[in-house]
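This is the structure, below, for whatever I ask next.
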Amino acid sequence: MQTFAVHPFEAPENAQSIRSDLRAFLAQHQPDKDPVLRANCWTEFDPAFSQALGAAGYLGMLWPSQYGGHERLPLERYIVLEELLAAGAPVGAHWIADRQTGPLLLRYGTEEQREKYLPGFAAGTMYACIGLSEPGSGSDLASVRSSARKTDAGWVLSGQKVWTTGAHISHAMLALMRSEESSERQSGLSQFLIDLDLPGITIRPIIDMFGTHHFNEVFFDDVLVPHGALVGKEGEGWKQATAELALERSGPERYLSSHALLAAVIDSLGPDASAEVTATIGRLVSEMWTLRQMSMSVAAKLASGVDPVVEASIVKDLGNTFEQEMPLAIQAVLDADLADGSDLSRLLATLLQVSPSFSLRGGTREILRGIIARGLGLR
Amino acid sequence: MQTFAVHPFEAPENAQSIRSDLRAFLAQHQPDKDPVLRANCWTEFDPAFSQALGAAGYLGMLWPSQYGGHERLPLERYIVLEELLAAGAPVGAHWIADRQTGPLLLRYGTEEQREKYLPGFAAGTMYACIGLSEPGSGSDLASVRSSARKTDAGWVLSGQKVWTTGAHISHAMLALMRSEESSERQSGLSQFLIDLDLPGITIRPIIDMFGTHHFNEVFFDDVLVPHGALVGKEGEGWKQATAELALERSGPERYLSSHALLAAVIDSLGPDASAEVTATIGRLVSEMWTLRQMSMSVAAKLASGVDPVVEASIVKDLGNTFEQEMPLAIQAVLDADLADGSDLSRLLATLLQVSPSFSLRGGTREILRGIIARGLGLR
Amino acid sequence: MSENREQLAEMADGLFAGLRGGEFDTFQTQIGEAGFGLLLVPESSEGFGGDWGDLATVMRLAGKHALAWPLGEHILAARLLHDAGRHADALTLLAGESSIPWGREAGDVLVERDGQILLVSGEVSAGESPAGEPRDMVAYDWDRAVPLGIEADLFGLIAFLRVCQTAGALDAALELAIEHTGQREQFGRPLSKFQSVQQSIALLAVEAAAANCAAQGAAAALDRFGHGGDARFEIGAAKLRSNIAIKVGAALAHQVHGAIGFTQDYPLHELTRRMMGWRSEGGNDAYWSARLGAQTLEWGGQGLWDQITRRTDPG
Amino acid sequence: MSENREQLAEMADGLFAGLRGGEFDTFQTQIGEAGFGLLLVPESSEGFGGDWGDLATVMRLAGKHALAWPLGEHILAARLLHDAGRHADALTLLAGESSIPWGREAGDVLVERDGQILLVSGEVSAGESPAGEPRDMVAYDWDRAVPLGIEADLFGLIAFLRVCQTAGALDAALELAIEHTGQREQFGRPLSKFQSVQQSIALLAVEAAAANCAAQGAAAALDRFGHGGDARFEIGAAKLRSNIAIKVGAALAHQVHGAIGFTQDYPLHELTRRMMGWRSEGGNDAYWSARLGAQTLEWGGQGLWDQITRRTDPG
């Protein structure tokens, strides 16, 4: 048995030039960014940055050129993601459109849908969000109660989605709706791509514990969408949404989203750091290096056309744990007054607060371990 | 809410003289013991030592003098246990008789049973073992299939017990048997105190991974025991056995059973140890000190007549975790070739091997946490 | 718990619960009126005459209710001023490290410098703790500092406060976790019925228990050895343990809560964000593990056990 | 995996499985006949011509089957002797630290002293590893030592062997855990159906995966940077991570097995006891974390990322 069959990452020959081009781009577009914003960069919305990134060809990298894509190789895109995350670039605005919504449209969408959305996604000017969770659903994503009723004029949507990241800056939501009346659980669900400026849609902020606005509640009050808003097949929504979630598996974001803190701490220390701090850095670097090996192996496997469900869940679980523990490990050894106002203290304080949420990313710990257990044949 | 209501440990006024007496006793009886035998001392059988301990009045300390006991206070006994364990004294032979079987006989036994066994237990010359687990039962202790059939001549016992610690050096086994035919689960069970030299009893060693013999399988092949072997009430065996297990809750063995390793490492280091080793010692001492506070609070609560089920399970869980991690934490920082033959290396190597078993002591981790969850009202 | 302490706890519990979400100035009035500032001042000087166990009880409740007021620093300052034969008019706080909670509100501050305890004030630069509470740097005016001629381990005392607050905050987080998972259903049954949720909450209870016992142990040592520094071993052991408890406990509390735990409206973050800051205050893990380790190596292997037992045995 | 490597793996898997429970001398004959000793010797010198990835594959299988023979030490010694233009008659082993597995069986030993690699023999005092395997101290006869005039990072190479063995041993422990919990019933259903058991096994799989990826990453670095010491960063990172994997994984494997896992007849201890010893061989956590930390601080924050990427990018 080898649970994690290691797949060699054959880096593209132009890897170094991809990196140096991107680093130059970042130096130009993020010259004096507040370090605190580089922490947990993956959730940081910066439309201007996303647009610049799109203009430079770093979005929709794998998509056909007819939709504004750049027809690059999967591992070229992987390198771009690595660099963006390691640099703490604010990738939150376009993240879902580029990672999930776009690829899903290429797989299940109509020609009309592709033409309408993909060029904007690739340009970094249009953003998307995911409508899965509903009040009280928690991890039970199949307990969908929001409904879609078919009429001659189109579909009429009613209900409520919650914890929708970025709905307030997004142009469209890919939502899972119950399209067959009194169907249950996974059956009778369909996906709709909904323009969020339609009448009857209300977006209310959910303010998080720092007073910032990432999450939203989105209410649908008899919203009429055209028939063309249905994505894929009617009644196949669960299967498609599962495939959409699987697209979360592609990237290095599980262990690099708060790399900025590690880099900042290292720079603050210098070679005469205390033995305890030095050892802690060594431990974190060992974990980070190993996670990179694992993440690259998953990326390589995906690029070769295999969907490594178990391996990807393993990387997510371990990556979440790593990023959750990193700020606490640093706090345990760093001699710093967190209220001293320095960049490092602010960065550390921010990540200390956010870090407990990392074990909820991409499915809670229990769900990820459940997927692994299923892959091992235990359930 | 305060899950662990801290109960102050009012140490007896003579605490220091109890300690110095016992330390003198140990210096006399264990002058040049191999340090390796001090590791995990709680499972080390040494009948000669147990007998000396009994002669000195350190066994049956709380029992009435008519049964050979010494009518001391519970917290006096607690101090004796602390000292024995901290010194790594080989307490395995008498441990169960002194901690569980004796107290259970005082609670449920007949006068005849008390007179027959307690003086020997208190003298350290008679030992007892516990017959609960059966093949395939695992943590499901109510799945008892061994049977007791009542006849005019007495009870006839058939079946098999397994994982019986010390059966091969014990005089008697307190066994849980199904005394009502075709009863199920917790009902229809009774406890019997069985002399292990009776005909029809076969004791087979289970050799552990070090090649040593602690565990046994015990077979009962139509063993006739007198009616007087029934302990307590017929059919009340489950309740009584649960009370017997609760007596596990009294002592400091969960965090002190491998204290010898910590002491040996400290002595090997001296004040100019490396920063990493020093910090590890500091962390271990903090955990150990805290566990002592917790254990003393449980002991004080027990002494005041309350049975702190949740608190005791918390100490067991935390103590098991502490003792499991201690050798690994030391190994992580100690610059030692484990094959160099030194006392410290041998001690560390031994505990590294045993340590994974610590999470099975006194109920597995899941069971202990289940007890805590029940105490919190979750189940 | 003694009857006196029970009354004290009841009063503090009620008062702090009522203060939640209120204003600093109201707090000051109400806490002052209730006499908490004089908790450690002897009855002969019209104080409450409490001991360190009483302070632990009060600070545990302050932690439980996420009290947004520098109560511990104020109680300690009042006691030390009394030790020095003085009395405070304005709000005096004790400072154990460079930044001080609500330093901007303080009249004077008690600080240690070159081994002396000084009463001093200075210019405040506003800052904030990871929980978003005021925590200010003060540029002291050393020329006007008044030496008090007393001995006290200020840094250790701050550590002690944080241990006690952590004990209360973890118990409160546990209570929220039990309540939340009992109410929320998933897959048709309450979250609290899932084995993995139960195991996580049990582990949270274990950590809360460790912090509570550590706080009591440290209080007992202060009662026995005084606040001059002789209780440093117990305070350090307790602070290190409570730092671990925060690390494990805060993550578990959030884990069983899911997304709701991170919203502004749900009270969990009032506990966890504060605790995250406390891990760095009064000494982080590296600070105390180095000191405890060095002390232990000085005692030696048998000496460790001798000391640990002697320090709790009578006589 | 390349076709060559697949064949190699198949051969090693079969051979090592068959050797279980056998005798040292038999092993030597059979392993020798299969040509494993010459794994890293070029084909031009009648070796197998394997690379470091091939060695990782073989050592992983040695770990999986708890091979009681110093295969890795022998393969490395044969390669280094070849680098020096020599050939071994008797069993030659590579020594990275003071004690050597099966030192008593070795003719000569390759040792580093004062920066030189020497071929030397000496008087053996028998010892044993925590797993009860021979692991002997050798008092070298330095006067008769032969300098080989080559460069190699012996200590790092031993670390690499242990990482690879750990990868295999953890996968084998995982396999046992899955098998055991699928067969054993409790409360009327297989252990593997309990959520907490599933979560524990999943976590064991995570640790096994980390060790396997670390081993591959270190092998790739050796293939790229050679065995003179330039791959130390990756070897160290892998060894440190695999030490953690042992700590977590061995405990989990035993936990889900319960008592049976500690019996002599059940094969789990053959894996876990060995792994416990490996944590101390080729550098423990403190050794590598200090070195990795120092290296990282020298590189700096951006430098760390530059180096990590440059070391795997082409060119």
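Letters are used for the chains, namely A, B, C and D, taken in the order the chains are written, and counting of residues starts over at 1 for each.
Keep in mind that, in the parts below, a contact is a pair of C-beta atoms (placed from the backbone, for glycine too) under 8 Å apart; a residue touches a chain by one contact, two chains touch by 3 or more.
This structure is a prediction, so every number in the text was calculated from the model and none was measured.
Any chain touching chain B that also touches chain C appears here: A, D. Compared on C-beta pairs in contact, B-D and C-D come out with B-D as the pair having more. Taking each chain's centre as the mean of its C-alpha atoms, the one that lies farthest from the centre of chain A is B. A separation of 38 Å divides the Cα centre of chain B from that of chain D. Between the CA-based centres of chain A and chain B the separation comes to 51 Å, rounded to the whole angstrom. Centre to centre, using the average C-alpha position, chain C and chain D are separated by 48 Å. Rounded to whole angstrom units, the spacing between the C-alpha centres of chain A and chain D is 37. For chain B, the set of residues that touch two or more other chains comprises 274-277, 279, 366. In chain C, the residues touching two or more other chains are 194-196, 199, 285-286, 289-290. If the chains shown are joined wherever they touch, the resulting network links each chain directly to all the rest.
Contacts from chain A toward chain B in the complex involve residues 274-276, 279.
Note for the complex: chain D touches chain A at residues 171-172, 174-175, 178, 181-182, 192-193, 195, 197-199, 201-203, 205-206, 208-210, 212-214, 216-217, 220, 234, 236-238, 240-241, 244, 285-286, 288-294, 296-302, 304-305, 308-310, 312-315. Within the complex formed with chain D, the residues of chain B that make contact are 133, 136-140, 143, 163, 206-211, 215, 274, 276-277, 324, 328, 331-341, 349-350, 352-353, 355-357, 359-360, 364-366.
Within the complex formed with chain D, the residues of chain A that make contact are 1-4, 6, 8-9, 11-13, 15-16, 19, 82, 86, 259, 262-267, 269-271, 273, 275, 277-283, 285-290, 292-294, 296-297, 310-311, 314, 317-318, 366, 368-370, 372-373, 376-379. On the chain C side of its complex with chain A, the touching residues are 97-99, 125, 127-132, 135-137, 184-187, 191, 194, 196, 243, 247, 250-251, 253-255, 258-259, 261-265, 269, 272-273, 276-277, 279-280, 284-287, 289-290.
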